[in-house]
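Note that the chains take the letters A, B, C, D and E in the order they are written out, and that residue 1 is the start of every chain.
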Amino acid sequence: MLETQNLSLRYGRHLALNGINISIAEGETVVILGANGAGKSSLLKAIAGLQKPEPGSVLTLDGTTILGTKPHLIPEAGIALVPEGRGVFGDLTVEENLLLGANPRRARTSEAERHGLIYDLFPRLAERRSQLVRTMSGGEQQMVAIGRALMSNPRFLMLDEPSLGLAPIVVTELFGALKRVKQTGVGLLLVEQNVSISLSISDRGYLMEAGRITGENSAEALKTDPAVQQAFLGGAAA
Amino acid sequence: QDRTSVKIGYAISKTGANAGGAGITTLPNYQLWVHDVNEAGGLELPDGTRLPIEVVEYDDRSASEEVVRAVERLATQDQVDFILPPWGTGFNLAVAPLFDRFGYPQLAVSAVTDKAPEFVERWKKSFWLLGGGHDYTEALAQILNDQKAAGTINNDVAVISVADGFGIDLITAARQSFADGGLNIVYDVTYPVGTTDFTPMLNEAAASGADTFVAFSYPPDTFALTQQAQVAQYNPKVLYMGVGVGFPVYQANNGDKIEGIMSLGGIDPNNVAVMDYRARHTDFIGQAPDWWGSVVTYASLQMLQEAIRRQGLDREAVSQELSTGTFETVLGETKLEDNQLRTLWLGGQWQDGVFVAVAPADREGAVAPRLPKAPWPAQ
Amino acid sequence: MISTLITGLVLGGTYALVAMGLTLQYGISRIMNLAYGEILIFAAFAAFLLFSTFGINPILGLGIVLPAAFACGYLIYGVMMQPLVTRSKKTGTLEVDSILATFGLLFVIQGIMLVTFGSNYTSYNFLNTGINVLGANVAANRLLAFALAIIIGATLFFVLTRTRWGTTIRAIAVNPDAAPLVGIDVNRTARFAFALGTMLAASGGVMISMYQTFNASMGVVFTMKALVIVIMGGLGNLMGALIAGLLLGVVETLVATYVDPGLTLAATYCLFLVVLLWKPAGLFGKAAGR
Amino acid sequence: MTRTILGLMLAILGLAALAWMPTQLGAYGVGLLLGMTGYVALASAWALFSGPTRYVSLATVAFFGIGAYTVAVLSETLPYWAVLLVAAVIGLAVALIVGLATLRLAGVYFVIFTFGLAELIRQLVTWYEVNVTGTLGRYIFLPITAEQIYWQLLAVAAGTIAIGWLISRSRLGLALKVIGDDETVAGHTGINIAGVKLALFAVSATIITLVGAIQAPRWTYVEPAIVFNPTISFLTLIMALLGGANRLWGPALGAIPLFLLFEWLSANFPNHYSIILGLLFIAIVFVVPRGVLAGIEDGWARLKRRGEAA
Amino acid sequence: MTSLLDIQNLRKQFGGLTAVNDVSFSIAEGETVALLGPNGSGKTTVLNMISGALAPTSGVIALSGEHIAGLAPNRIAHKGVARTFQLVRILPSLSVAENVIAALAFRPNHLWGRAAEERAEELLAEVGLGGRGGEHANDLTYIDQKRMELARALAAEPRLLLLDEWLSGLNPTELRTGIDLITALGQRGMTVLLVEHIMEAVRALCSRTVVMNVGTKIADGPTADVLADPAVISAYLGEGHA
C-alpha cells in the first residue's frame, strides 16, 4: 500500500500541493485527473522523492514512512516513475537505458526475463537496441522511458502522461501492455489527459484541482459522472 | 638626517614561467647579499656609518606588464634607494626605460644580448654583466677549432636552439662565429619552448655525423636532453648545452655522468673567493648556486655595495662610480668597460664534479678542456 | 620510419595518460577542473620526495600517491564542488562556477607547492635506460608510462562501456536529473568519478616526474595539453582521449623528424584545429550539443 | 528619455574625471590606472561577444598579441596612428577568418579551440621570426608616455562600453540573447546566426587587438612569449565572469576590484600571494554566485524590499 | 487553388537509416493539412527539412515554386515558414513578450521598439496570454509555453505554419480552445501543416491528411477517407479507432 496523508509541496511562495491524501493498493490502478497545472506531476515527483514536501506531510509504503528517503533509494523500495518529458539517457543506447533500469538491486534477479517482456511489449525497441535514444522519435523515446521503469521490477509504477505524443495504435498497445503489467500485481498510478482510455484500465480515480484532491470515485462511476464529463471528457468525446 | 635604513627594492618572478630561472640565479643571491650585508651591520656609507638594508620585494608573476608596474611602484610609491633588476633578458629590457627615467642604476645580470653597447648608449645608467651571444659562441668556436687542430673532432657541428630570446641570440651568433672559425654546421634546428621529447632531434644529430653537439637550451630542455642522449646512446665527442648545466639539481641528478659536459660560464676552482661564496650560498640558501650567473649576480651586488660605500646614496654618483670604478668582488678585481663586464668566463666543463672554466683559455685560472667527452657509462 | 612511429607512440602515451583523468572529471562529473595540472605536479613532487628522501621508488610510490590522490579528489569534490553542483540545479551555472572555483584551487595548490617546494626546477633519474623496441631506443620510464596509459585506458574503457557500473557512470554524465529514477546516487557517483580522475592525474604526475623536469608553476601547461586532447578525442570519451593523445605524439615526432622541430607545437595545434573543424565534437564525440 | 540624457551626462563627467586623474598621480598611480583600464577594456570587449552568446573565448591573447606585435614590427616604419590602424585591420581580418571557421563549434569545444588558436598563432609567429627574420625579440622605442597610453586605453574602454550599451538596445542585442538561449529557435525566427556571431566576434576581436597595440609601447621589448602569454586570456575571462559577463558594467566591475586585489596581494603577501588569492577566489564563487554585479543588484533589491516593508 | 508548398521525392538518410523515403505531396494556399504516422515514421524529420533545421539528402521542397531545400533556417523563415517544436523550445532568459518580439524583430518587415511591444501584446492576447508579457518565459506552465511558442510563430507572419504536436498534452477542455485557435487561423487564410496524434483534432481541423509509415507516404487524401483506409488503420490507428 502506497499512501500519502496531508502531503503539501511548495515552490517558493507557490503552494503546488495542498494536503493531498491518496492511496494505491498493490495491484490496483489509480488515475489522477486534473487540468494543466493542477499539480499532478508535482505529486508524482514528491512521491518519487524528487521534490521535498512541506513538514507535516506523510508518505508511507506498507505503513513505513518513506518521506525524506533519498530519491535514488525510491526505486530500490519498489516505486518507479516515468516522468513528464521522459527523462531518458539520450546519449546512451536503448539497451543501455534498459540496463540502467535494472540498476536497483531488487531488479537484478528477474532482469533477463524482464528484458524479454519489454521487447515483447515494444517490438520497436528490440529493432533499435543499439540506437542512441537521443536520435529516436518522440514516441520511441516514450517507449524507452516506460521500458526502463518496468526494468526496475517495481511494485508501484507511476506514469506521468505516458500517451503523450504516441500514435493511436501505440496508445492502444501501451494501455494493453499496462493492463498486463497490472495483472502481474504492480500498482499503477497514472496521470493522463487521455481520460477515456485511462479510465478504461483504472480501478479508481482522483480528481485534482489547484493542488487539492476534489473528488474520488471508482472508474466506473467517474466515467458517468457529469462533472467529469463536463471537465475532462467534454463534448469532444462524443 | 634621521635615516635608519637603506631601502632596496626588486620585482622578481616568484611564480609563473620565469620562476624556475629567477629562483636559481637571482633571488637567492639577493637574499644572501642582504643577509650578508645586514649581518655585517648594514651598508657602509662614505662617512663610515652603517645602515641596515630594508627590502621591498614584489612578485612580477612572469608578466611584463607586472614587472613594469612593480618597478614604477618601487620608484615612485615606495621611493626605494636602489632597485635590483628582474630576471631575464626581456624583463630587463622592459624595465630599462623606467630605471633610466627615474634615475636608478640597472645592474642587469641575467640578460645575454649582443645589443648591450646600443643599450648603454640609450640608457646611460644601465650595466650589462653577462655578455652577448657572440662572446660565448666565439669562445666555443675557439675551443672547437683547437680540438679540430688537435685531431680530436671533425669539422661538423650539430646545433639545436630553443625558440626564445636566449636561444635565438646564441644561434644567430653561433652561425657567424662557426663560419668564421671554418666550422661546418650540418644540423641546425630550432625547437619551441616547452618541447619535452628530443629523441627525433638527437637521432637526426647523430645521423648527421657531427662530432660536436651544441644545444642552446633552457633548463628543462637541458635536463631532458641529458637523459635522452643517454637513452639514445648518443655520444658526441663534444657535448655543449645551455642554461641548466650549471644548476645544482643537474649535478645531483646525473652524478658522474655529467663529466665532460660543457656549457656557458664556469669558475676558476682555485679562486678562493668564489669557492667561499659558494659555500656560504649553500649554507644560507640550502642549495648551491649555479655555476654561471649566480656568482656574477652576487658580484654585481658587491659592486653596488662598494659604490655606495664610496659615493653614498646619491644614485647619480653611484652610477658614475659603477661605470668607472674598480671593485674587489668574488670574481676578483672587477671593472666594467663601457658599462659592460668583459672579464667573463665564457665556457666551462664539468671536471671531477666541478664546473671549471675552460674559456677564454688565455685568461688566468682557465683549465684545459678534457675532450673528447667519455661515452655515457654502459647501462 | 618504424622507430619514429614508436618514439611518437611512446610520447603520445604520456599525453594520453595525462588526459584521461580530465576526461573523466569533465566528461562525467561536469567539473571543468582548471587545477588539474597542479594536482598532477603535486603528485610529481610527492613521487620525487618519496624517492629522494625515503628512497621509495616511484613505482612503489604509486601505491602511496594514488590512494592519497583518490582521497584528495574525494575530499575536494565533497567540500568544494558538491555545493556548486547542488546550487547549479537552480542556477544552471555549473560550468562558470567550476571554472572560477577551480581557478582559485589552482592558485591555492600552486601556492602551497611554492611555499613547500620552492619555484625551482625539479627532476630526478629513474629507469632512464634505453630499451630497444623494434629498432627504436626508448627510455624504460617512458615505456612504462605508455604501458600504464594503455592499461588504464583499456581497462576503464571496458569498465565504462561493458559493465552496468560503468554505464551508471556515463548515465550521470548524460542526464543527471534522470539518474535517481534508476537508483543512481548522483552525488556519490560524480564524486567517485572525480576522485578517480584525480587519481589518474596523479598517476600521470608520478610517471612524468620520472623523465620530465617540473616546477611548481608548470601545472597549467599540463591542464591545457590535457584539455586539447580531451576535446580532440571527444568529451568524456576515454578511447578518444587515448587515441588523440597517441595521435598527437606521433604527429609531433613525425614533424620533428621530417619537417622542422620548430613546428612541432604548431603542427599539434594545427591538427587539433583541423580535427575540430572537420568534426566539431571531436574524433569520437557525439554530435555537438551544449 | 531624460534618464538616458542624465546617464549620458554622468558618463561624460565620469570620463572627464578619469582622464584628469593622471595629473594628480605619480608614475605608479598612472601605471595602476593604465593596467586597470587595459583590463576593463579587454574584459568589456570580451563580454561583448562572449557574454550574451555564452561562447567562452580564450583567443583574447591571440588578438592582443597580434596588436602588440604589429606595433613592434611597424613602429619604426609608419606613423603611430597608421600603425594602430593597420593593427586593427589585421585583427579584424584574422577575426573574420577565425569567426567563419569556428561557427560550427559549440560549448567547450569552442573554448578549447580558441585556446589552441592562440597557441598556434604564437607558434607561427615564433617560427616566422626565427626562420625568416632571424630575430625573436623586437624593440619598441616610441616616445609615448604612460599617460598617453592610459588616455588611449580609457577611450577604448569607454568606446567599448558605449558599443555594448548601443548593442544592448538594438535588435542585434536581442539577437545575441536569443542565440545564447537557443540557437535552433534563433535560426527559425529569422536570425542570421552566422552573421550576428561573426559581426560581434569581429568587433570584440578588433577592440582587443587595439588594446594590445596601444599597450605595447609600455614594454620596450616584445617577444611572442610576452605578448602571447595565455594568462591574459584567462584573466580577462575570469574578470568578466566574476563581474557578470551579461551586463554592461559587469566586466568593468569584475576587472577593477580583481586587478586591485592582485596588486594589493602581490605587494603585501609576495610569498603567500597564490594561496590567499586562490582562497579568496573560491570564497567569491561561493558568496556571490552570479557575478559581482548581480550580487550587488540582489543586495540592493533586498535592501529596497526591506525599506519598503519598514 | 495554387499550391504553396510542393514536396517531391524528399529523402533523408541518417547514416544507414532512411528516415524519410521519397515522399511527395503538396499543400494548397489556405489549406490545413495533417501529417500523420506512427512514431518514428519521419514526420518531424519532414517538418525539419521544410523549415531548414535539417538539409534533405535529396529531393525538392518548393515554396510558391521557389526551391528552398537546404537553405539555412533563417532564410527559410524569411520566405514565410514558421514552426513550433515537438518539445517546446522557449528562450528561458527572456520575458514572455521578448520571446515574441524575438520573432517580430527579425522577420523581413521587422518591428522594433514600441510597435513591436504592442504587436507582441496583441499576439499574446490572441493565444490567451494577454497581459502576461512581463513574466519570465521559464515560469510559464507547459501549456502556456506552448501558447507562447505559437504566438512567436505567428509573429513571423508566416505563409506556412508548421505545428509539431502542438495540441498534445492538453486536456479535453483545453484541446477545444486549441482547435478553435487553429481554426481561426485557417479562416484567416493561413496555410497550416500539422503533425498530431489526436484524431479528434485532425478530424476537426484538416480537410486533407497525409499519412507516413516507416518514412514513406502511404496515404494522401480527404481526411475521412484516409482515416478509413485499411492500410492507415493497420499501421497507425489500430482496430479500435476505425
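The rule is simple: contacts are C-beta pairs under 8 Å (C-beta built on N, C-alpha and C of every residue); 3 or more make two chains touch, one makes a residue touch a chain.
Because the structure is predicted, anything quoted here is derived from the model rather than measured.
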item	value
For subunit E, the least number of touch steps when starting out from subunit C	2
Most widely separated chain from subunit C, with each centre as the mean of CA atoms	E
Chain pair, B-D or A-C, that carries the greater number of C-beta contacts	B-D
Chain centre separation in whole Å, for subunit E relative to subunit A (CA means)	29
Inter-chain centre distance, subunit B versus subunit E - centres from mean C-alpha coordinates, in Å	75
Gap in Å, rounded to a whole number, between the CA centres of subunit E and subunit D	43
Distance from subunit C to subunit B - Cα centre to Cα centre, in angstrom	36
Shared-contact residues (touching 2 or more other chains) in subunit B	14-17, 62, 163, 190, 192
Residue numbers of subunit A (touch at least two other chains)	none
Two or more partner chains touched - positions in subunit C	110, 114, 260, 262, 265-266
Contacting chain pairs - touch in the sense defined above	A-C, A-E, B-C, B-D, C-D, D-E
Contacting residues of subunit A [partner subunit E, same complex]	34-37, 84-85, 124, 135-140, 142-143, 161, 164-173, 193, 195, 231-237
Complex contact set, residues of subunit C against subunit B	3-4, 7, 11, 14, 110, 114, 118-125, 128-130, 137-139, 211-217, 221, 249, 252-253, 256-257, 260-262, 264-266
Residues of subunit E defined as touching subunit D within the complex	51-53, 72-74, 77-78, 82-83, 85, 89-94, 98, 101-103, 105-108, 110, 112, 152, 156
Subunit B to subunit C touching residues, read off their complex	13-17, 19-20, 22-24, 62, 160, 163, 189-192, 194-197, 199-201, 203-204, 219-220, 223-224, 227-228, 230-233, 244, 247, 249, 253-254, 287, 379
Residue ranges of subunit A in contact with subunit C within the complex	48-50, 70-76, 80-81, 83, 87-92, 96, 99-105, 132, 134, 148-149, 152
